[in-house]
Structure formats: structure tokens, C-alpha cells
Amino acid sequence: MDPQKLTALAATIDLERRRRCGFPEVVYGPGKSIEQLRGIVTTLLEHGEPVLATRIDAEQATGLLAAFPEARYNEVARTFRVQGSGFRKSEPEPRTLKPERSHFVAVISAGTGDLPVAEEARETLDWMGVAVTMIHDVGVAGPQRLPARLDDFRDADAIVVVAGMEGALPSVVGGYVACPIIAVPTSVGYGANFGGVSALLSMLNSCANNVAVVNIDAGFKAGFLAGLIATRMHRSP
Amino acid sequence: MDPQKLTALAATIDLERRRRCGFPEVVYGPGKSIEQLRGIVTTLLEHGEPVLATRIDAEQATGLLAAFPEARYNEVARTFRVQGSGFRKSEPEPRTLKPERSHFVAVISAGTGDLPVAEEARETLDWMGVAVTMIHDVGVAGPQRLPARLDDFRDADAIVVVAGMEGALPSVVGGYVACPIIAVPTSVGYGANFGGVSALLSMLNSCANNVAVVNIDAGFKAGFLAGLIATRMHRSP
Amino acid sequence: MDPQKLTALAATIDLERRRRCGFPEVVYGPGKSIEQLRGIVTTLLEHGEPVLATRIDAEQATGLLAAFPEARYNEVARTFRVQGSGFRKSEPEPRTLKPERSHFVAVISAGTGDLPVAEEARETLDWMGVAVTMIHDVGVAGPQRLPARLDDFRDADAIVVVAGMEGALPSVVGGYVACPIIAVPTSVGYGANFGGVSALLSMLNSCANNVAVVNIDAGFKAGFLAGLIATRMHRSP
Amino acid sequence: MDPQKLTALAATIDLERRRRCGFPEVVYGPGKSIEQLRGIVTTLLEHGEPVLATRIDAEQATGLLAAFPEARYNEVARTFRVQGSGFRKSEPEPRTLKPERSHFVAVISAGTGDLPVAEEARETLDWMGVAVTMIHDVGVAGPQRLPARLDDFRDADAIVVVAGMEGALPSVVGGYVACPIIAVPTSVGYGANFGGVSALLSMLNSCANNVAVVNIDAGFKAGFLAGLIATRMHRSP
Amino acid sequence: MDPQKLTALAATIDLERRRRCGFPEVVYGPGKSIEQLRGIVTTLLEHGEPVLATRIDAEQATGLLAAFPEARYNEVARTFRVQGSGFRKSEPEPRTLKPERSHFVAVISAGTGDLPVAEEARETLDWMGVAVTMIHDVGVAGPQRLPARLDDFRDADAIVVVAGMEGALPSVVGGYVACPIIAVPTSVGYGANFGGVSALLSMLNSCANNVAVVNIDAGFKAGFLAGLIATRMHRSP
Amino acid sequence: MDPQKLTALAATIDLERRRRCGFPEVVYGPGKSIEQLRGIVTTLLEHGEPVLATRIDAEQATGLLAAFPEARYNEVARTFRVQGSGFRKSEPEPRTLKPERSHFVAVISAGTGDLPVAEEARETLDWMGVAVTMIHDVGVAGPQRLPARLDDFRDADAIVVVAGMEGALPSVVGGYVACPIIAVPTSVGYGANFGGVSALLSMLNSCANNVAVVNIDAGFKAGFLAGLIATRMHRSP
Amino acid sequence: MDPQKLTALAATIDLERRRRCGFPEVVYGPGKSIEQLRGIVTTLLEHGEPVLATRIDAEQATGLLAAFPEARYNEVARTFRVQGSGFRKSEPEPRTLKPERSHFVAVISAGTGDLPVAEEARETLDWMGVAVTMIHDVGVAGPQRLPARLDDFRDADAIVVVAGMEGALPSVVGGYVACPIIAVPTSVGYGANFGGVSALLSMLNSCANNVAVVNIDAGFKAGFLAGLIATRMHRSP
Amino acid sequence: MDPQKLTALAATIDLERRRRCGFPEVVYGPGKSIEQLRGIVTTLLEHGEPVLATRIDAEQATGLLAAFPEARYNEVARTFRVQGSGFRKSEPEPRTLKPERSHFVAVISAGTGDLPVAEEARETLDWMGVAVTMIHDVGVAGPQRLPARLDDFRDADAIVVVAGMEGALPSVVGGYVACPIIAVPTSVGYGANFGGVSALLSMLNSCANNVAVVNIDAGFKAGFLAGLIATRMHRSP
């Protein structure tokens, strides 16, 4: 089939989604041509929606930035964004401290390899207009590291915990706080981690009661769920 | 080792948990003797905590009810409860309608076999003092059934969705609402359902953005997470 | 071994198949050289058979089109065709409406990533001379989308449903219609979709009674089975 | 919860199903009490629907036969039936020959252990009013056995093939006929058959184009699908 | 075959093992008749070896205690012992404090369900003449529990860590100490723990460098390895 | 269906098999009633065939021995035999030494738990008229045990090696001999042996060139294959 | 480490193997540098051994042929050979007819994709000096194809059967012959074939008694085992 | 995010680790940029710590050697080292004989493909200041090879055993010695080795009591654990 036609085909954007689900549609990059992506982004902007596209590879990013020079591509998170409440062309500081406003989501990650997934969650929360505190490199094998940061995440509305390998971090975080935790297993590791299955099973079997789980490497979904919890807590009744 | 000693050993109840995590410890039945269970329940009651014990089998229940005649055993949910905000010796009506107060959690289940897990979630929410709406038997193969109940769950603070077999219900519910969904895969089914793996994978791969997942048959954890979201939304600031 | 000899070896085409199975042999591309493919296509054409080759990659397609300029390569479906009842050098319109003749198969797909498999099914049905209605992008997370198209598939003789990720679509379609459904899981997704296993298990465990399943990404087989059902329903007795 | 209440709950029978899907609802036995089953059967009979219940164990059967003495329990198939087109209190001959009317479904099974699943398919077809030819014990290791019966299944409208262990029979049957084949893997075997996974994978990977697959041991679903194909072929236009 | 003969057959005890491997043979109970077990125990005692038998069920224990009234059966650990350095008819205190002699192994377990495996490790170490400190119920979801016991295990020669569910405890312990850790996954849990696979994978993927793993529920092997490390550290050169 | 009729059905014994495959049909016990078994045994005896039935449980054995008092039931191997070249009412000595005639098969097993499978292989070989040497308890952890028996198996025509747990024995045996080895993984073990999968994978990945594998616990098939190799080597040309 | 030193290291060729195992060592290509391969080949030739190297990729082959111009590289089988009983610089005819001498092994393959594995088996047998009959493209979906070739394989000493996808061919072949069959599953297929697991499980669960199995794609091992059976049958006593 | 910032982020080196765990932090290469690696190495050197970096690919190595010309890159082990007790710019002899000082660890590997993992263990031990004996190519299929080297490993303080394919070597070594064995499964093999799962399961199910296991290909962890055992045995009390 002619790719041109496919573009038309794929551009059936669900513009009703904001009304039904509270937030506009998010663009998932894999398998989409640059032309398809450009068309979708244009349509969203024409309807005044802030754009978040995820899993955008370097080639797609180049193609998009050429068309939308005011946009921002986060090469670690592989997200592309333009317009919207949290949007700034310049990036936020990497180690965002706990925001002064009292409501926020914490994104906690275990190791360096988990950063791309944590960043995808952060960009998603930023796009939703939710304040974020990032806490990196507090994996369980350095047991003094997490408690040292307790003040930074204790009062969060929800917490995203990102970890690969043995995926133990959500259970430990869960023991310190009362808020819901969205755990994201990552594919970081080798051998018997089976592409993230090890961390996934750990998180599903967490002995902490307040831990729910999303798919392997699903930084966007974890950010979205945490953002949903936080935004709904603070809407005017 | 002398089982008597084991009782002592096992009774190290975490009485600090309410302060740290917002709710007192919940008793997990499997592998505990009636004597151990009685000891733990007594200690919790002495500290004024409402008791919820899960996965209590018929024999354990008989032993507990002999000691605590005012308690209630839900034989479908396999939960044992005594005291606390939502506690009544007589059971609530099975198909609880949407409560009049405006805040509630909906527990939606796909088929008859999923009822025990849904009931475990309901008892947990009731124990937390959260109003619950139960919606049964709305599996995806009867596509008219779920939309017919939309008014009963559209405004929930959070939704627990319980399903076995192909586990498709959370994705469908997720398309109708803006609130967070806690999906519970059940072991209901046969053959290639592999004891709930089929439903678990479906839910992890849900194309709905607002679906997080807990372990297979984990009705308690799903109820607890949904209850956490609901109670934190409505606490006084 | 000399590849030349292998060509001879591989070209043992089953020319009796039409008599035995109703349709001529279909050529499966992977692992075949351009020379082997050319030989097989030539032999089929010499016997007056319409040619369908599947899983033809870009390089093989270039090699074949050079030899058979009247043929058509569908780069989305990765199919190569020449001659036969449904054959036209120019492609059909992508979103074929319900054909005017009263007998047809519907091919329904969940998301953009499922298009290649849906297209392979469509080309197969077209090659068999069966009218096709394509319905794209009606995944379960947009619950209003499928019922809006009900008039387009309700009266189909058989339906092919193509879905990746949680693979829930066949169950939902199954609840609306009385005809047999051939479900095709696709490898679309990531993480715990395990290359299509998630969708495959969902479909095998479908609670809809009228759903049978084929291999992951097996668009050809699904199209062939649906086409078999349709053509046998309308043959003269 | 009071089991009495559960009965009420469970008895939400989908009486609209015949209109929507062509056949009335089928009762799935596991997890249902005798009282629940009796209630459901009574309701179906009151609406004039022929009753088919599957996976009914010996105890459930005794309880049902006491209430419905005119019913029939097939202890091999574990099906319970009362009323309807194909219903007779006395059972059909086990090795039903090819029926004289020209339309029928063949049910072919590989070994003795596959009989319960084959019988479940046969009872389902009989309940649908479809003529059935049973062909037993033609597993692939006795290569002369299947071709010897070719005249009995060559002209079937559809074929159900039931096999455990290596699950090779559908591929072989598929090579002899032009009609659609519904393959049912069974859990018959031991060791590396993994409860039917071996046969399931074989059937999904069948090199025969006309083979679709259902869940492990799903005799009912296979019978239903084959019956659907057969009844729709011969309805008046 | 005549079981009498099998007894003879099975009693080929490896009496050379102490010389080759440092400790005498240990008796593995499953599948052995009481007569076989009695024969093996008698032979070992005749050669002056201290006896340790593992995985001895209640029936085997009764049969053995009748023949060896001076022996001890630990019904939690399912071990049977008679004679040897650590042997006392009366059991040791369950929560053995850190021994006064400066060399010891710590056995740390996560939850109540892990006790049988921890006890098997303790009995094994006791049989080897190694001092043991038991630390129970310090699972990761109660993050303050483990550090509170740090003084009890910091100076151990080796540590056995026993945990089911998410199996995170060894990683956390590993971050506090410099000694080798032998991690034992247990089958405690349900659903997606897959009989201990979840904990096993966690432990294999531990980000702590000093964690080695043994088979699921292998309390004996873990105790033996830790005991080997401890005894070899303190032998006279 | 009436079980009586099933008996008739099941008794389609393949009496041509000796001509086609060299040996008469073997009866597989599971799922067969005593009546069915008696019928099959009677038919085989009427045609002068030596009877071997495998996987016969204690109840089936009692029922068969009542009807055929001259038969022999090996309760370890779970085999039932009557008549034929190797048949004796009294059992052979358990540790049969290397037979004096120069042609034989060796059956080597690793541990006590592997004996039932080894015995099934031995009975099968005996039924085929092949001389057998049994070598028990030579698992790889006692490295001096196997070489000590080298003279007993070096000149075998074929060797059956039976092992559970890590399944390493066939590789080691394979390094000592030039003859073909049929390896049988057993389900002996626990935890991560996954019912024999561990041993199965070991054997499939054996670095010894002369090792082929059969299904888990498939003592009969291993014995049959080894017997086939041995009998065909020594038939008159 | 210096690769030069590694060469030295790797060249510890087992020159005693012929005496112990009947045939000299075979060289396994993957992971070996061209220099290492040259060294090993030279050493074997110096000791008068015929050389067979398997899994030699194109680059290794070029490097070897430069050093040993008299050698032969079979690019389909990926084997490299020089010297020995069956060695000819020119290749044998691809579809070798049944050899005139009465002893031979048949290599039967299901589809075109299975040819490389079948060729590896053929080269191995040729290297062992065993006559081979090749029978290609007789997969089970063309049921008339195998019996048409029965005269070509009925009297083989052993048969290698090579098949991917559903792996049914060995069971079917097994029903026709009395000789041992070595089945090789191949990774040919897609989706739920899981890289050959589907065919592997089929073959392990074969209902034919005379089928043993080797690793996925292990053409060399299958050829070697069949060759072992054949050569030992015909050696002078 | 700006990679520059990430570098800063990632360089949170755990400089307290030596005090807490006995050895300084080890650098894990995958996913780190050359700049990040240079920064970490510089920081470690500034604090006087000997540097070990593992899984350093060729490109990373080139970038590091340019900055640290006195360092050493072992291209087989993929380790990068600079400074420290065992450090020499020139490499140690590959087949290090048993060291003259009486304390050492043996690293035993099965085949050529296992060398990289064995080398990683050796470099780790060398970095820890532990003497090492390397024993290569003693896989179980050459049964005479291991006992021939017994004198070289019998008195080791601990042994690392590295093996892929069937992973049988640790069990065999375990039978010869009394010291603890750290077994490392490797991904060497093909087909049903499933990337090292076959060897992993073998080692977990080892019937030798003194075998503990680490992750697939985890040469560093195995070396570290063995080194820990050895160094702690010989420290002054």
C-alpha cells in the first residue's frame, strides 16, 4: 500500500479523549514515519492540545525538530514535546529538588541504567502540569542512600519507582511511605534478568501493600498514573 | 522446633505501621496456626486496631470464630474481620448500589469465578472505611453489559477491575473513565491461562493509560491501593 | 552445496494442491533466493495459477518486480502478487467500504502497528476472490469506536481480528456477532508482551465462544481460513 | 457472603444471546454450586432453550439429575443436556458413522486419552443440531489408520481434530481436505508436554493453511466453532 | 521389584565422603521407605558419624524416632538428627542470640513462611558444629527492622538469607556487610511468584556483589555452604 | 457415554505393528479402566504376543493380577508383564551383573529416586529379549563411582542413562564410550528442577556427541530405543 | 589477554578421542579466530585425521580455504572438510539416491528452510564413511509425499528426520519403519515456534516409540548418532 | 537531557564502600559514555583506589586508554584496570600455575567459549590481590581431563567453575573437593540452551552440596565472592 495513504489512515486522532479521560492523546512513536508524526502533531496543535510523543528515536526527532523548531526533544527519555503547561524549550534541571508548592510526585530510580525510563516518567508528569522530585541512584545495595533522601519523598502524593535487575526498590520505598507507589520494572541487567522479567516478578510479588506495577520500561504509563492520582487529589471539588 | 515457641516468634506484630503507612497491619493467613492467629488478633484488638485477616481457610475460620464470636468470616472472600469503621456482624448487601455519599471505589468483575477476589477487595475497602459499589458479571463477551452500568462507576475515585481468562476488562473500563484503575488478574480459566498468567500479561500490556496491575488473585492489595487513593483524596488538607 | 542446485531442489512445487485443497500453493518468502522465487513464480504462471507470495522483503521484491513487471508488491503487507481473480496492478483503496455484493469477510485491526498483518490478510482474501471490508484502529481502549462501525461488520461471513498488546479485541468483536472469528495475535508491543505471547494467550482464553486463533503475526493464515469459510458458504451446491 | 445470595447473583443469565449470537448461553460448571446450576437450568428451560452444561463433575451431575430426571449426563464428556434438537435420553452410538444427510462435521481424535475432549465437541455439535461423524484412534504413529478413513471425513463442512502429546494430527488431516479445521490440543501426555503446551504449539505452528486453534482441552469451543461454520453454510439465504 | 531388595540397593552409603569432602554424607528423605532410612542411619552410627537427615516427613519421623529414641526431629525444619557435635535432644532456643564465641553464621529470614527453610539451615549448621544467630521477620517492607539488628549479624563469617515473594532481602543485607552471603529463595507467595521463581530471579540479579544463590527452598545447601566457609576460616593452619 | 462401549472402542489394538515396527504394541496404562486393560491383554495373548503394560498403578495392577495370576507386576517400575522371551514370574536379581553373552545394553542411573525410570527401561529391554546390566547410584557428585564400574558398561551395544536434578550423568558417560547413549531426564529434584526440565535441558545441551534424549521420565521409550539398536546389531543379515 | 596466547591455549586438541570414542575430534567454529582454526586443522592433518569443522561462517571459510585449498566448504551446511574416507573436493549430488551398498542412513527433511541442518547431518555422515540417502520436502501437510518415497528409506539402518514449525515429521516416519530415528528440531518458523521450541516439544512428546531427540538445529549431532548406529551394525565382529 | 549533566549525575561514586564492604566500588561499563567512565576513573584514582571496570567494549576501551595510558585492557575479559595490588601493565601468563604461596583460588572452565567469563573472574581476583590458578578446557565430555589436574585445584580456598551448555562441570568438581564452589553458567551454546538457562538450572540443581550459583556470564561476581572467601580466611585475626 502507498505509505501516503497510510499516513491519512493513521491520523485518526482521538480528539475526544481529553473530555473522556482528562488528558489529550499521547503519540507513540514506534512504527510511525516522520510524515505521519508531523501530521499528528500538527493536528493536535491546531486543536490547542499540548503534545507529548514517546519512544521517538533520533531520526524521528530530527525530522520533527525541523518542522517544529520550538519543540524539545529529550534524548535520554526519547520524548518529544511542544506547548502545554509544563513546557519550556530549555530543559529543567536534572536533579529537580522538592518543589515549593506542597503537591508533587517523586520519581525514584535505582541505577544509572534506569534513567531513561525515569526521565520518560518525569517528562510525562511535567506535561500533565505536575511538580516532580527526581531521586536517582538509590538502589538497595547502598542501604544508606534511600533513607538519606527520605525528606525529599515522604510527602509525595504518589511515587514512581524505577528499577531493573532484582527490582527490590519499590518494596523498600513502600515501607517508608503511605502513598500509592507505581513500580516500573526496567530491562536493565543481563543473563537471568530476561529483559526485565526478574524485576517485573519482584514488583508483582512485593510484600509492600501499596505497590502497583506497570509494563517493563513503561515510564510513560507510570508517570501518567502517578500524575492522575496527584491531579485528582488537588482539583477543586 | 516447638510450635509453641513459633507462636511467640511469629507474633512480632508491626504496631508502628499505622503511623508509618496510614493503616494497621493486615494478617495473612496461610501457614499460620489457629493459635498464632488468635494471638495476633488479640494483640491487635488490645491496641484498639480494627482487624482484617485474609486467605483464612474454613478450619482457621472455625478456630477464630470460637475465640472471637463477634467477628465475621466472609467465606467467599476468605476474610476474617472484627471491629473497625466499616465493621458489621451482618454482611452488607451483595450488590451494593452506588453509595449516596459522593466518594467511593467501584469493584468491577468479569465472571462468577472472579467473585472471591472481588469480595476480598470489597472487604478490604470496607475495613478501610471506603464506600464501595460492586458491579458483577460484565465480562467483555457480553459487550452491552458494561456500558449499561456506566452511571454506577463513572465518578468513582478509583476502580478495581477483577478478571481471569483473557483479562480484557480493565482495558475496556479504562477507556470509559479518567480515574486510576487497579487491575487484578485471577487464576480463573483453564489450559493456556496458566493459572492467571494470561490475564496478568493482558493487563500489563493494556493499551489504556490508566491501568496498573497487582499480583494474580491479589484482591486485598488491589482493594488496599484503591482505598489509599480514595482516602487520601478526601482527607482534610 | 551449489546454490544453483538448491534452486532446482526447492522448486518441487505442489501443483496438485488446488485439486486437493481448493487453492494453489502459496509461496513463503523467507530463506528463498531471488532465483528460487523467480523459478517458482514462473512455474505457477505456466500452469495458469494466480500467484501469492508472502513475507517478501524489499530486496526480494525488487528482484521479482524486475522479472515480472506486471506484478504488484504491497510493501506494508510484504506480499507479492501476479494474476488471478482479485488481481489489479493498482492497489485497492485502503479503507475498502463494505462491498455491495452481500458476501464478504471483515478484517478488523486494533492499532496502527497491526496494519501489516491486517494487510497480509486482505491481500490473501483478495487473491482468493473474496470481498473484504477493512476496519482499522478500533482498539478496546477507545470503547466507542468499534460499535460505531457495527453496521460494517455485522453481516460478514467470517471476521479476521488482528491485535497486539493485550489482544482483547477478538473477545469484544465476538460478543457482537454470530459468525466465526479468526483471531491473529501480533508482536506489536514491548516488555511483557514477549513478542506477541500476551496477545496469543488472551485470544486462546477468550470468553467468546466463536473465536479461533492462529500463530503470532499469521495474517496469511487468518485470511486464508476466513476466505475458506466464505467461499464454501456461497459455492453452488 | 451468604451462598444463597451468590446464587441469585450468579443467575443473571444472558437470555438475549440467541438473538445476538445465534445460540443460547451455555452453562460452564466449575465453581458453581448445585443450587446455582439448578437455578440456571430452570430459567433456561422456562424460556424454552435447550440446555447444555459443560465440565459438570460427578457430584454436580448427581445433583442435577435428581432435579431433572429427563436429562442426560455424558460422564466421559462431562456434559449435561436436556431438551433441544439433538437431545435423546439414550445416548447416540459411540462410533457414529457418516450421517446420510450430506452435511456434517467430523470429529477426529488421536488416542484414547483424547476421547473426553472429542466427546465434549460431539455433544456440543449434537446440541446445535449438527450431524457428526466420530473417527477415533487415528494418531500419526499408525500412518495407515487415517487414510483408511478418508471417505468418512473428506466431505465434511468442518473438522474438529483432537490430539495431545505431539499434536501432529491436525497438520496431517489438513493436507487431505479443503475445509476449515478447528484443532484442539489436549493435556494428554506427560513430562515435556507441559499440560498440553506441546500440542498447542504444534497446532499453532501447523504448516497446513486451514488449521485454526482453540484453548487446551477446549472441546466445547471447537465443537461450537465447527457447528457455527456448518449451520451457517446451510441456512436458507 | 521387591522393596526389600531396594533397601539393600539404596544403602550404598558413601562412607568415604568425610575424607574427601570434610563432612559425612547427609540423608535426603523423599522417596525413601522407613526401612531404608533406618538402615542408612544405623550404618552411619556404626561408623561413628553424626546423622543429619533432611526433608523427613511426619510419617518417616515417627518410624525413625521409634527406632532411635535418642534422636531429635525438628518438625518445622523437617530434619532428623542423632549424635554429633551440636546435637542435644532438647532443642536450642529459637531466637539464638549472637554466640559469645567470636565466630558464627547468621541466618536471616524475611517472613513467617520462610521459617522452615531457615530452620533447615540452622540445623545443618548446628550439625556441622557452627554457632548460629537467627534473625527472623526482617523483610524489606518494614525497613527499620533490619538495621535494628545490624549488631547481631555484622561480624558473621557468612550469612544465609532466606526470603520468598520478591526475594529482595539478600540485596539489602549485602549492602551492610563484607562477608559472603548465601541466598535461598523460598516458594512462599502466590500467583506470579511461580513457586519461588520470582525470588530466585531476584537473587540471581542482585546488585550486591557478595550474593551467591542456591536452589529454591534449599535450606540445607545454604547452611552447608555457609558452614563450610565458617569452619574453614577457623581451622588451624 | 457408557464406559462399556468405551472399552470396545479402545480395544482397537494395532496387531499389525509387529510386522511394521518389529515389536508388538505396548499398553499405556493411564486413563484406562481395569476392564479396558483386561480386554487388551486378553486380545494380545490370544494373538500370541508377549504383553508389556507401562504406568500401571497399584489399583490397576490388582485388577490385572486377579485376571492373569501368571503375570508379574513390578511395583517400582509400574510395569505389568505376561509371557514372552524374557518373562519369568519371579523377578530378576536387582543388580544384574554384566551378562555372559557378549551383547547387552547397560542401564545406568544417578540416584535412588531415578530407580523407577531405570526399572521401566530394564523391564522393556527384558521384554524385548535383550540382556541388561544395571548400574545404580553413580551420580556425578561421587566422581570415583562411575569409573569404578567402567568394565561393566564399556562394551555395551547401547546405554540408557537415567538422571534427574542437574542431569549431568549422560555427558560424563558419553566421554567414556563409543556407543550411542539414550538419555532419560527424570522429574527427581525440587525447586528449580521444574519437574525435570533442568535435567532435560542439560541432556539436550550435552557436549558429548553420542547422546540423544527422550521425554522426562520416559523409561520405556529409552529402553525401547536402546533395545532396537541392540537387536538390530545382532540379527542375522 | 593476547589473542596469540589464546590460540595456543585453545589448541589442546583431544588426539586420544578416536581411540576412546571411535572418531576423531570435530571442530566447532563459533568464537574461534581464523588463526585458531588453522592451527587446529593443521594439527589434525599432521596426525592423519580427516577434518570436519561445523558452523563455519563465510569469513572463517575464506580464511581456511586460503590455507587449505584442497578443502571443501559447504556453504549451505556451513561445514568445512578436508581429507578422509568420504572426502571429495567436488560435492556429492544433492539428491543422492539410495546407495547400492545395502547399508545406509536416510536423512529426511520437511521443508526448504530445514536444508542447512539436513546438509550438516549429511556431511557428518559422509565424513564418517556412511552412505546417505537424502529425502527433501516431505512435510506432513502434503500427506502423499512421504509414502511415495517409502522405498528409499524403509531399509535404512537409522534415519535422521529434520523438521521445524510443528515438528510432526518424525512421528509420521516413525510409524513406517522399525529402525531408530534421530529427530532434529529446527528453528525454522516464526511467532509461537519460539526459535525451535515448538518442534522440540513435539519430538520429545512423539507417540512413536522409536524417536530420540537432539538439540535444536543440531544437524551434526543427529548425523553423528545415526552414523554411530550404522557403523557399529556393520563392523566385523 | 543534556548528556553533560548526566555525567555529573552518574558520577556519584560510592567512596564509602571500601569501609563498608571491604573493597572499593567496581565500575560497570554498559550504558556509560566514555566521558562518564573517564570521570569515574579519575575520581577513584584521586582517592587512591585501584580501578576495575567490567564489560568495557572496544570503543570504550580505546577512549579510556587514551586518557589513562598506564592502564590495561583485557580484550577477552573486557576488563579495564589501573593501579592496585595485582596490577601490571603487562598481562599475567595465561595458564598461571598454582602459585607458590599456599593460598589461592582456582578458576576452572569447561570450553573455549567460556574463556571470557573465566578471564573476568581472574582479573577480579587479581585486582583483589588473590593468587589464581587457571584450569581451562576440562569439560565433562573428556572425563580424563579434570582428574589429571586435581593437584592444581585440590587445596584451593575457593573455586570458580565456569561452564555453558549442560553446565555439569561444577557438580563434578564439587565431588573432588571440600572447599566452596562458585558456579557461573555461561550463555555458550545454542538452541535449547536458551542463552545460559540450561547451565543455570543445572548448577542450581547440582547434587554436590558445596555449589552456589551466580547469574549467567557473571564472571566478576563469581571472582569477587571467591576472592572474599579467600581474603577473609587469611586476614590476621
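We call the chains A, B, C, D, E, F, G and H, going by the order they appear; numbering starts again at 1 in every chain.
Keep this in mind: a contact is a pair of C-beta atoms (placed from the backbone, for glycine too) under 8 Å apart; a residue touches a chain by one contact, two chains touch by 3 or more.
All values derive from a computational prediction rather than experimental measurement.
Novice: Going by the stated contact rule, which chains contact chain A and chain F alike?
Specialist: E, H
Novice: Identify the chains in contact with chain C as well as chain D, in label order.
Specialist: B, G
Novice: If you tally the C-beta contacts for A-E and for F-G, which one comes out higher?
Specialist: Counting C-beta pairs in contact, A-E comes out ahead.
Novice: Report the chain pair from B-C, A-C or F-G that duplicates the C-D interface, where duplication means over half of the contact pairs agree by residue number.
Specialist: Most of the C-D contacts reappear at F-G.
Novice: Among all other chains, pick the one whose mean CA position is farthest from the mean CA position of chain H.
Specialist: Result for the farthest chain: D.
Novice: Measuring between mean CA coordinates, which chain is farthest from chain C?
Specialist: Taking each chain's C-alpha mean as its centre, the farthest from chain C is E.
Novice: What whole-Å value do you get for the distance between chain G and chain H if each is reduced to the mean of its CA atoms?
Specialist: Chain centroid spacing, chain G to chain H, equals 36 Å.
Novice: How many Å are there between the centre of chain B and the centre of chain H, using C-alpha atoms for each centre?
Specialist: 47
Novice: With chain centres taken as the means of their Cα atoms, state the distance from chain B to chain G in Å.
Specialist: Using C-alpha averages as centres, the distance is 58 Å.
Novice: What are the residues of chain G that contact at least two other chains?
Specialist: 142, 144, 175-176, 191-193, 197, 200, 204-205, 209, 215
Novice: Pull out all the chain pairs that touch, please.
Specialist: According to the stated criterion, the contacting chain pairs are A-B, A-C, A-E, A-H, B-C, B-D, B-E, C-D, C-G, D-F, D-G, E-F, E-H, F-G, F-H, G-H.
Novice: List the residues on chain C that touch chain G in their complex, please.
Specialist: 1-3, 5-6, 8-10, 12, 14, 16-17, 30-32, 185, 187, 195-197, 200, 215-218
Novice: Could you list, by residue number, the parts of chain D that touch chain G in their complex?
Specialist: 110-111, 139-144, 147, 165-168, 171-172, 174-176, 189, 191-194, 197-199, 201-209
Novice: How about chain G: which of its residues touch chain F in the complex?
Specialist: Where chain G meets chain F, its residues are 20-22, 26, 157, 175-180, 182, 200, 204-205, 209-215, 220-221, 224-225, 228-229, 232-233.
Novice: Under the stated contact criterion, what part of chain D meets chain F in this complex?
Specialist: So the residues of chain D in touch with chain F come to 74-77, 91, 94-95, 112-113, 115, 119, 136-137, 142, 144, 188, 190-193.
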